[in-house]
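Heads up, there are several structures right after this.
Next come two complexes built around subunit A: one with subunit B, the other with subunit C.
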Partner chain A sequence: MPANIANLSVASESISNLTDMTNYAIEMTGVSKTYKTKRALEGLSLKIQKNEIFGLLGHNGAGKTTTVSILTTLIRPDSGSVNVAGINVTKAPSLVRSKIGYLPENVQLYNKLTTRENLRFFGKLSGLRNPDSDIDRVLQYLDFTENADKRVGEFSKGMRQRVGIAQAILHQPEVLFLDEPTSGLDPEGVWQLREVIKSLNVDLGMTIFMNTHLLSEVTKTCTSIGILRSGQLAYTNSIDAVTQEFPDEQAVENLYLSLEAKSK
Partner chain B sequence: MNNTITMFQNELKDLLRNRVTTVVLAVFAVTTSLSVLIGSLDFAVKADAFRAYVDALVANGGDPGAVPPQLFPLQLFRGGIEYLEILGALFALVVGYTSIAKERHRGTLPLVLTRPVSGFAIYSGKLLAQALLWLVTAVVTFLIGYLISITLGHASVSLVDLERVGIATIASWLYLMFWSSFAMMLTAILRRGSSALVLAVAAWLLVVLVIPQVGDTMDPDNQLPGGLFQTLQIAKADENAVLEHFAGYNNTRDALEVSSVTKHYERVSFAFLGIKDKYNLESIPFVWNELLVNSSMLLIFTSGSIAAGLFTNRRKALLGKIK
Partner chain C sequence: MSNILATAKFELLSLSRDGGPRLMIGIFLAMMAISSLIGLLTNLTVSDVWQTISQQGLTVAPNPFQGVSVLYYARNSVIYIILIGGLAAIISGVTSGLRDRQAHSLDMILTRQISTRGLLLGKLLGVSAWLTIALGAALSLIGVVLSLIAQRPLDWSEIWSLVALFAAGLPLLAGLAGIGLIFGATAKRESTALVSPIAIWALITFVFPQLGTAARPIALLNPVSAVATIGGPFDLLNAIFSPFAFAEQFKNIAASLLDGTSAAATSAGAAISLTAFLGLVFVLLMLIKRDQIRGVVNE
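== the complex of A and B ==
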């Protein structure tokens, strides 16, 4: 066998050691994280199937941001096991990064650069050698082509959010993480974003992990939910099951409030 | 390597569209132009006075072979060097500090760090962009000086002089790179950006202003107007014999000056440009030989600072900067 092919098969073998062929896009088992004296996550276990739109709910300080930060490799868990797209985040974080897209809360971009320049930068960092055709495709998909050559600093919050989504999906990630995606958007912006999230899931088959404290948002956007309380998963189910269990219009709110009441 | 190039391109665009960079380049262009302009006008006056003197001699039937005054046009760069030495270091410090701090403040760091990009690529890409910025700054500073001195100053600058200017440009570039990478290193080490900036400015104050000033004050040549030894009518050859009796004092002064990268930069650039009278009639190989220690120290300081920045700007350190 030629040396380069041998190296290639060794490399693919080592990647396969890190990759777990599973139906789950996200698997967290017994994950804990403590900041100095404050425990943010306490044995969190969570499984999200591929092609879901999962909404993680919880009040401020419940551990939502810590969860997303661990899943996006921004922080390491103190203990427990975390797999994203079948890859262990502590063993192969770089590989995980190539499989995910991330839209932080209040997305910040390079204001002095145009939309296209921002996207070219993030696309190249994500491993796209010549991202221009991908940029055109994504901007067209998001109906944002006319703003391709405008500087991001001139944009409204909603427009910036679109560029934020574009940078997150440009390299067609397997799992997309959205941290409070509707935060600060006007009602029209919220509606538009909701439609984009749904179509990304349906058209591109992306698994979407959404972190929010807006109860109404999950019922309108997500296919399954989880409720985080004091660093632990208090409840998880599909939206269909939730609405069956709590049949009135405020299903999730009732569930959330009942869980909150139990914890007091 | 690809990520380094991507970071470099992005940083360069960001620098070029940043008002601070424009202000930095404008300040250098204006201050250097002014300092060289004033020197050039003085130079032109001296040259014209000499020409008038020769013409008058000839008109009165005298010998036109009068000894011309010693005019060294490269000495006109003194002001430019001093601006680079003090202001340039401060600007380089600020640009180095903001290269990581701005990512943190505007919140783009998490977006970068959720990409498969190493700390090395982030640091080296940003440093390369700054390297280009400082190279342009040094070249523009000397180019402006050169053009003014030959046009307004009517100075004749030879090819050897251009070579000297080239060496001073490289020394200036290395010096600015030292401060940029030094600030990047501090930003990586210290968790709080404000602490890094305060410490960087304190270091600048000490290295650029305090140590060279103390060293200059301790220099026997600066003890009295015209120099201590000249006032005491001690011959140049006997100076060393006298100084041997003050070895402790001299060693302290040397140790102080050796610890300052600014002093090494100043000695190298002043020597090659002939601003220090001792070197203005000497050949380039002679100056190289005399300034070997200072040139090496300038290189060691800069490469050490870059290496330290590389070592400290790990991904883990950058992750610690996320709000």
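== the complex of A and C ==
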């Protein structure tokens, strides 16, 4: 066997050791994380199937941001196992990064640069050699082509969020993480973003993980939800089951509030 | 590696659009262009006075500017590289370090195919490329002005001396930009990010050389001549602190290149010192951890 083919098969074997063929886009088992003296996550276990739009709810300090930071390889868990797209985040973070897109909360982007210049940078960092054709494709998909050569500094919060989504999906990730995506948007911006999230899930088959504290957002956008309380998963179910169990939005809100109240 | 270069290219593009670095580089280039003219005006004024007093028989001394090399007029540029160029480098570095934190885009970058070290290295390369362009533009300006003063094209040895002078300025400026980058990337407040590297620059430029000499502080603004020690404890202090007086080291190299007043051995030592400075800054930059740059920056 030629040396380069041998190397390829070794590399392929190494990758297969790190990946796990599974129906789950996200699997967390017994994950704990402590910052100095504050315990953020305590044995969190969570499974999200592929092609879901999952909404993680919780009050401030419940551990939502820590959960997303671990899933996106930004921080390492103290213990437990975490797989994203079937890949272990601590053993192969770089491989995980090639499979995910991430839009953090309150992203501003680079005001002095145009949409295209912003996206070109993230495209290059995502390993796209010639990102311009991908940029055109994504901007067309998001109905944002006419703003491609305008500076981001001229944009409203909703338009910036669209550029943020564009950078996150430029490399066609399998799993998209959105941290409080509707935060600070006006009602029209919220509606538009909700439609974008749904279409990314339906058209492109992306699994979407949303972090939010807005219950109304979750019930209108997600296919399943989880409620985080004191670093543990207090409740999880499909949105269909939730609406069957709690037929009106007020009832869901009561469930959320009662779970929150228990944690205080 | 390609992502490091992509970061460097992005940094170069961003710096070319940022107001602060552009303004500082503009001032730097303007001062460089007129520095040689200031030298020429000094020459004309002194020569005029010399001619007057010489005609009146008040002096028999030769005109101090008689027969000076055209490179003499580039002497003033040395202090502008250290002062204005140094501050421009610091502001460029700080701007680069703060940029992603102000844009809240750092987490998006760090979830792409680039490490913390790769990101910081890319930024340092980008800022260094920005400074190289600025130094290149300054070199061209000085070359044109000196040709106009000499009323002839510069010869190859003169061009080589100027190129070597500006090349020696790069590790000094890149090192200062690197210090700005370190603070820009890690400081908890924007004001700390800007003030701290300026304090280090002042230490390097004014305090360290002053510790080893009894010369007046104003002597440190002398463009090329190295500050002399006067023996005794000053020699000891000079031996300890002069390797860290990087601005003085650059002036030693400039003295050697522009008027040959510095020994070759001193210039070699100065070049080593400047390279070590950049190396030290590089090592410190590479020691920065992901959690340090992810911290929130307050205005």
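Convention: the second predicted complex is superposed on the first by the 259 of 264 C-alpha atoms of A that agree within 3 Å, B and C clash if a C-alpha of one lies under 4 Å from a C-alpha of the other, contacts with A are read in each partner's own complex, and residues count from 1 in each chain.
To be clear about the criterion, a residue touches a chain if its C-beta (ideal position, glycine included) is under 8 Å from a C-beta of that chain, and two chains touch if they have at least 3 such contacts.
This structure is a prediction, so every number in the text was calculated from the model and none was measured.
Once both complexes are superposed via subunit A, do subunit B and subunit C end up clashing or fitting?
These partners clash in the superposed model.
Given the touch rule stated above, what does A:T73 touch, subunit B (first), subunit C (second), both, or neither?
both
Which partner does A:I100 contact after superposing on A: first (subunit B), second (subunit C), both, neither?
In the superposed model, A:I100 contacts both subunit B and subunit C.
Once the two complexes are overlaid on A, one stretch of subunit B runs into subunit C. Is it 19-27, 55-63 or 235-243?
The overlap with subunit C comes from subunit B residues 19-27.
So subunit A touches subunit B in one structure and subunit C in the other; where do those two contact lists coincide?
Looking at subunit A, the two contact sets intersect at 72-75, 94, 97-98, 100, 102, 104, 106-113, 117, 121-122, 124-127, 167.
Give every residue of subunit A touching subunit B within the complex, in rising order.
The contact residues of subunit A facing subunit B are 72-75, 94-95, 97-98, 100, 102, 104, 106-113, 117, 121-122, 124-127, 129, 167.
Applying the document's contact rule, which stretches of subunit B touch subunit A when the two form their complex?
Residues in contact with subunit A: 2-3, 6-7, 9-10, 13-14, 17-18, 106-108, 110-117, 319, 322.
Can you list the residues on subunit C that touch subunit A in the complex?
Result: residues 2-3, 6-7, 10, 13-14, 17-18, 99, 102-105, 107-114, 290-291, 294 of subunit C touch subunit A.
Which part of subunit A faces subunit C closely enough to touch in the complex?
Those residues of subunit A that touch subunit C are 69, 72-75, 94, 97-98, 100, 102-113, 117, 121-122, 124-127, 164, 167-168.
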